[in-house]
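Two complexes follow with chain A in common, the first pairing it with chain B and the second with chain C.
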Partner chain A sequence: MSIKEAQQQSRLLRGIHRTLTGLHPVLESLIAALVGLLVGAILMYTWGFDPWKAYFALIQGAYGGSYEWASSLSRATPLILTALTFSICLRAGMFNIGAEGQMYMGAIAAVCITYFTLPPGLHHIVGLIFAATVGAAWSLVPAALKLMRGVSEVISTIMFNWIARWMALYLAIYVLVDPMRAEKTLSIPLTARFPILVPRTDLSYGIFVSIAFALFIYFLLWHTTTGYELRAAGLNPSAARYGGIRTKRTMFLSFILGGIAAGLAGATIVMGLPPTYAIYGGGGLPQLLNMGFDGMAVAMVGRNHPIGIIVAAIFFGGLNAGGRVMQFYGSNPVPLEMVRVVMGAIVLAMSIPELIRLFPMAKKGGQNLIRSLRRTTRSAPEEESA
Partner chain B sequence: MSEVKAPSENGFFLRAERITKVYSDGTVALKEASLEIHPHEIIGLLGENGAGKTTLTKILSGLLPPTRGRVISPKGAVRFSSPREAFDFGIGMVHQHFALVGMFTAAENVALSFERPFSRLQLTKTIEDLEALMEESGLQVPLDVPVEKLSVGEQQRVEVLKVLSRDVDLLILDEPTSVLTPLEVDELFSLLRRLRDAGKSIILITHKLKEVQDVTDRIVILRQGEIVGDVQTAEATTERLAQLMVGHAMKQEVDAVELSDHELPVRKTHKAVDRSGRSILHVENLTARGNTRDIAVDDVSFDVYAGEIFGIAGVEGNGQSELVESLTGLRVPTSGIATINGANILGVDPRQIYRLGVAHIPEDRLELGLVLPFTLAENAILGVHRWKEFRGAFSILKWRSINQHVRELMDRFEIRAAGPNAPAKSLSGGNQQKLIVGRELAKDPAVIVAAQPTRGLDIGSAYYIRQTLLDMRGKGRAILLVSADLDEVLAYADRVAIMYEGKFMEVCSPDELNRERVGMLMGGVTAAREIA
Partner chain C sequence: MSFSDIISLLRISLHAMVPLALTAVGEIVGETAGLFNIGLEGILLLSAFAGAIGAEAGGPYVGLLVGMGVGGVMSLLFATINTYWKGTQMVTGIGINLFAMGFVAFGLIQLGAPGFHDVPRAVSLFKIRTPIGMYSPVILLALVLPFVIHWFLKRTRAGLMLKAAGEMPEAADVAGININRIRLLAAVFGGAMAGLAGAYMSVAWLGLVTKGLSAGRGFIALACVVFSGLNPLLALLAAFIFGFFQALAEWVKTLPSKPIPGEFVSMLPYIVTLLVVSGAIGRVRFPKFLGVPYKRE
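For the complex of A and B:
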């Protein structure tokens, strides 16, 4: 009897646990986004701004019309690709922080196509292939270090980001520099520029590269054996090995795909961003800076799913685009940095469930607290009777 | 009773009263277990895997709270919320896997156990105390060498010193001899006797019958969470202990028949195997190392013939897992030969082994057999996902035929699930196992390696899976059945090997064995005594 009771009790606890952790991922992302916006609102209020007006301006600036939509999508373009870099590798069980560096190298490779002339179309393709190859090659070194020498990919990709950053800066300032304008590199020739999609905006056909690659990754992961093996290896390496999957190969592959995505991100920025179609060396590569890291945030909010990533990138792109409007909005000029605060708060809110899962200590502490509370409430009447 | 320094009726040190433990997944690990521990005695805790030995000691040493029941001392009820509290009370446990910091010296490791946040490290005092303690106990360990450089026996001595330095009254040792050489075992036992004479209580967890008879004063036998015997060592015979440990005839099986409408289970299903027939799986002088680099499978040779179930019985951790892993491509053995129909399978990729017609029902179904977040359909093609049936041009998955395959499996193997797209983790244990069994048998294999195929399953599922294995035998497959469930092996295998410390103690027909004999062989007692 007592055993049955205890079993029932544990079943109930498990049920509650499942309900809490089984929150639909979309809902979880939505809640995180709302929490982020709420934190931003509280901060704005504390600093004497009107959060309602500010967010009105932000949303107007992000999705208020076709111009606004275009600028949001334009900012989403590279984010989709860098987010994919992180997600593909995470799906394969690898923590690739190197999108930033791989994207720098891709952008530099794309600039290199200014040195030869090709007919339009072919020139685009060559540019993309260049960037993708160089991005992939840049990611192969950490992958090889991981698989051959066991070097943590987190550390090596972070270090490679710095190498890439300063190398890109050097190349932009001294090698690929525009002789007429020392602050930027040579511009991509007309034959290789992505045409503008919406007139008088900076949204180019580059967005299709991003979306096509996201759809390709979706198809690869869920409709091919390659993707199946990759996901199996990421979720349970020992079961994958048992299933005859060569996990080293799938990890290597994930890094190659991730590098391609990051390289393409670099290419879409250089080949598809008016007005200059070049990298600014002056000011430390401002167009490229943080695009790789922001991609990780996008990947998290997009739940590492290519379709989710497209939606999340449009949201983050909208924050960036709308933020510019917000800071010039009439009587309520909220600094642009507030947008980054909101982004940071969203990422934190997203990671709370992950954190709880990561730190069994916190979980155990919570359980102990509950148990001791229960004990004090239960032991009180016992003492009276005794 | 005479040689035991007789404890008076009230002179107990600790008493566990009707302890019941139900784990959060619903497993009942202990049922109303009561145990009294006196000073001046060594208690042997004997039982098979999963009998509840470790759970009981974890509750005594404060690592786990009991679901029901209580632990009392002469001072009143005790309830520890941490091992540290148990330590302060005078209970120390030496775990099977040591909790030592490899880069620290023995002295530093002992000092660490005294650490409180922000307390001062008193290394000199610890070393002085330890030297005195080593003098007193006769346990000699170099104090200034990093413990990772010490032998396993010395590391264990550090663990014992760590516990003794806390001046405990009850010392619990979990399978202490499994890592020791015979000489070290003797040393450990003479230490335990000295400690007992000094008034300490000692609990020794083991499954080795000889040891438990050598050193203990009292033996407590656990089976399936219940204490089934509490005998004075002097009065216990090896046969009696073996019988208590492995239990009586297949009570569960009989219940199963009453519960389900299946026809009577094929008891004594074994048949004489035609040895002149084809040997499908051939293993010769196989030696493999375990995860801790010591020899786990020691020079094992056997053949499994077509239409035969070859059973391997034994207490878990005696090399069965390593043997299975070596034969299925998950572990590279040190030496030996293993072939399937003449083709080498040692050190070969699992994928190639499957191509030779091997089905592997793994021991750890959650860790190895399934990718839990994957759907039923995704799990149903693990290992066969490259088959032409499921993979088209450009390695595109044919979801339609996969889903159809899953529905067929669900029908044929009675897998109860919401549908092909239900996540595998939503399935019950029995259905998960049926999914694995179904997937593996759908390969139409020549050899089936089934490791603990019915462990933790409800009776109906277990019965079903055993019947499936019998069907496969009827179809001429060679089946290697590794199980810690003795009833299962004795009832279903045509030949049985009993594995102990990496070696086969005996290979024979189950008819030539009785439970006492098997129990003794499992406990490492070879003495060929005929039992009527």
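For the complex of A and C:
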């Protein structure tokens, strides 16, 4: 083998090795997803359903065609943003459980733009900015309580979720209510609605807001000093403080960014939701309910990485969209709630670090593969010197 | 506000105090050993559901036991992940909450009516008659347990071992204490108490299960723990305060004059929780290794 060939081969093998070790977290997410689906299957089986048929209907309903893809993506739109809320704060070392409440407030703020008349385009931007501001403001109080009084953000954000829920219900029922139809709020005016991306589906241009924000966060976290400081403060606060990073500032920033994301999630729901472009106070805010909590599952499976979150949100959006098909599937109607059972089981599985360790066979096989690759990559340059 | 109003307010406060006190005291034991379980909300909901099914199958005592069992098993899962498998406690807790939300909503649909399920009066627990209303015997446990746990944590060898596991696991390990096992046991006790609290809500107190039955009580119980600084007696006081505000919210809603909209009244317990917790913080101290899995060097 000539030197050049050996170099080429070693470069190739090193590349594969890097990809495989890089795939490790992806593999873990996949295993967690499988564990979750398995738990769901066992539960369905014990309640007398046929899990195969149910999952078949679910996958068909999630990714079976362009209509199904569109509805999965439309359900992924707010999930990407609420997942970002959780993961930005987690990257900075905080558990922000408050996406749910911040999203309610963002949605309410988005409904408020019906009171202005503006040209299209500008109206969209004003709506998004308004929702983002209100979402961020709602997240600032727990952040301030944490900074000034040391109140655990877990408890304060959860209390704020409940307060936001009742506040949003009050505003939706009494203040922003549509005088013609009491069960819903005023509809977003035509000038502020996101156009539909795929005809006859509910996928709107709102998805671009989500993806753009995810890419922005990716850029911010990995390509700017601020992002570096934020991640450093999350990994080891005392080391970061010693290194001259103002950890209180990064913490505050993470909450603001999280609040903006959650507020935008509320806005994308309200401004991109055919047919009425409104929220229903009468039914207890059904379109918004649990989107913030599901976002945490998405963040976990997406390994708190913006790109991973987009992929995971498409998976969970698919579960939600497919679940709707599953519950009306002929002789085997499994309730939609099963989807959330699966999500919970996935998150439980995700909380086990190195989940792969629990599957010794897989781990051993992977390690042997990596080891043999490493040996080859190491021996190749030696050949070169000889 | 007449005298009978005050009595009824007090009665509802005491009822509302029971699940909070039981859950909080159980969690104090768990947190002393170093496990922070935010899955309590989900455990309350699951055990309320399981307790109702158990009660319908074999009477109220079976219901309470089934609730405790389900709480214990969920906590066992939580503790296994976070001791032997070195998991992340927050994430496990969030997983339990999501799972419970989905499972109970799913189970209620399977029982017939989506959203809620009535527990027949015949299988609800007997009540003790007192001058200020009827109480289920579980309330006695909720009133006595904090004192027992206080004594247990302060005065017994096992209690000190628990503290050591949370404060200084390394030293405890050197002294021959099995950290993981002691944390596991503490968490299972905490889960069983939360399970009892859940079953109390469905079998003995409200007589129904809804998919939102826990309504943040698990988190309010955590707030009680924060307020108390791991002192069970203060946790009982906190549980009574939060129970009182829940009762007040219910009472104001029934007033014919409707002085404030119901939505704002419903916010009250949560706002009070926030205020009390932010007032209490600063003087309380938590175990050093709370939330950190123990790894031998």
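Assume the second predicted complex is superposed on the first by the 330 of 386 C-alpha atoms of A that agree within 3 Å, B and C clash if a C-alpha of one lies under 4 Å from a C-alpha of the other, contacts with A are read in each partner's own complex, and residues count from 1 in each chain.
Quick note on the criterion: a residue touches a chain if its C-beta (ideal position, glycine included) is under 8 Å from a C-beta of that chain, and two chains touch if they have at least 3 such contacts.
Note that the coordinates shown come from a computational prediction; the quantities given were computed from them, not determined experimentally.
Chemist: Looking at A:F293, would you say it contacts chain B, chain C, both, or neither? Reply first, second, both or neither.
Modeler: A:F293: touches chain C, not chain B.
Chemist: Does the superposition put A:A232 against chain B (first), chain C (second), both, or neither?
Modeler: first
Chemist: Check the residue A:T224 against both partner chains and state whether it touches chain B (first), chain C (second), both, or neither.
Modeler: First partner only.
Chemist: With both complexes overlaid on chain A, does A:R241 touch chain B (first), chain C (second), both or neither?
Modeler: first
Chemist: On chain A, which partner's contacts cover more residues, chain B's or chain C's?
Modeler: Between chain B and chain C, the winner on chain A residue contacts is C.
Chemist: Mind working out whether A:G344 is in touch with chain B, chain C, both or neither, as first, second, both or neither?
Modeler: It touches chain C, and chain B stays clear.
Chemist: Under the contact rule defined above, give the chain A residues that sit at the interface with chain B and also at the interface with chain C.
Modeler: Overlap of chain B and chain C footprints on chain A: empty.
Chemist: Within their complex, state which residues of chain B touch chain A.
Modeler: So the residues of chain B in touch with chain A come to 20, 22-26, 28, 31, 65, 67-68, 81, 328, 330, 349-351, 354, 360, 362, 367-374, 378, 381-383, 385-386, 390-391, 394-397, 399.
Chemist: Report the residues of chain A in contact with chain C in the complex, numbered from low to high.
Modeler: Chain A reaches chain C through residues 43, 47, 95, 97, 145, 149-152, 154-156, 158-160, 162-163, 166-167, 169-170, 173-174, 290, 293-294, 296-297, 300, 335, 337-353, 357-358.
Chemist: Which of the residues in chain A come into contact with chain B in the complex?
Modeler: Going through chain A, the ones touching chain B are 2-3, 6-7, 10-11, 13-14, 223-226, 228-229, 231-232, 235-236, 238-246, 368, 371-372.
Chemist: Under the stated contact criterion, what part of chain C meets chain A in this complex?
Modeler: Result: residues 38, 42, 77, 81-82, 85-92, 94-103, 105-106, 109-110, 114, 216, 219, 222-223, 226, 261, 263-264, 266-267, 270-271, 273-274, 277-278, 281-282 of chain C touch chain A.
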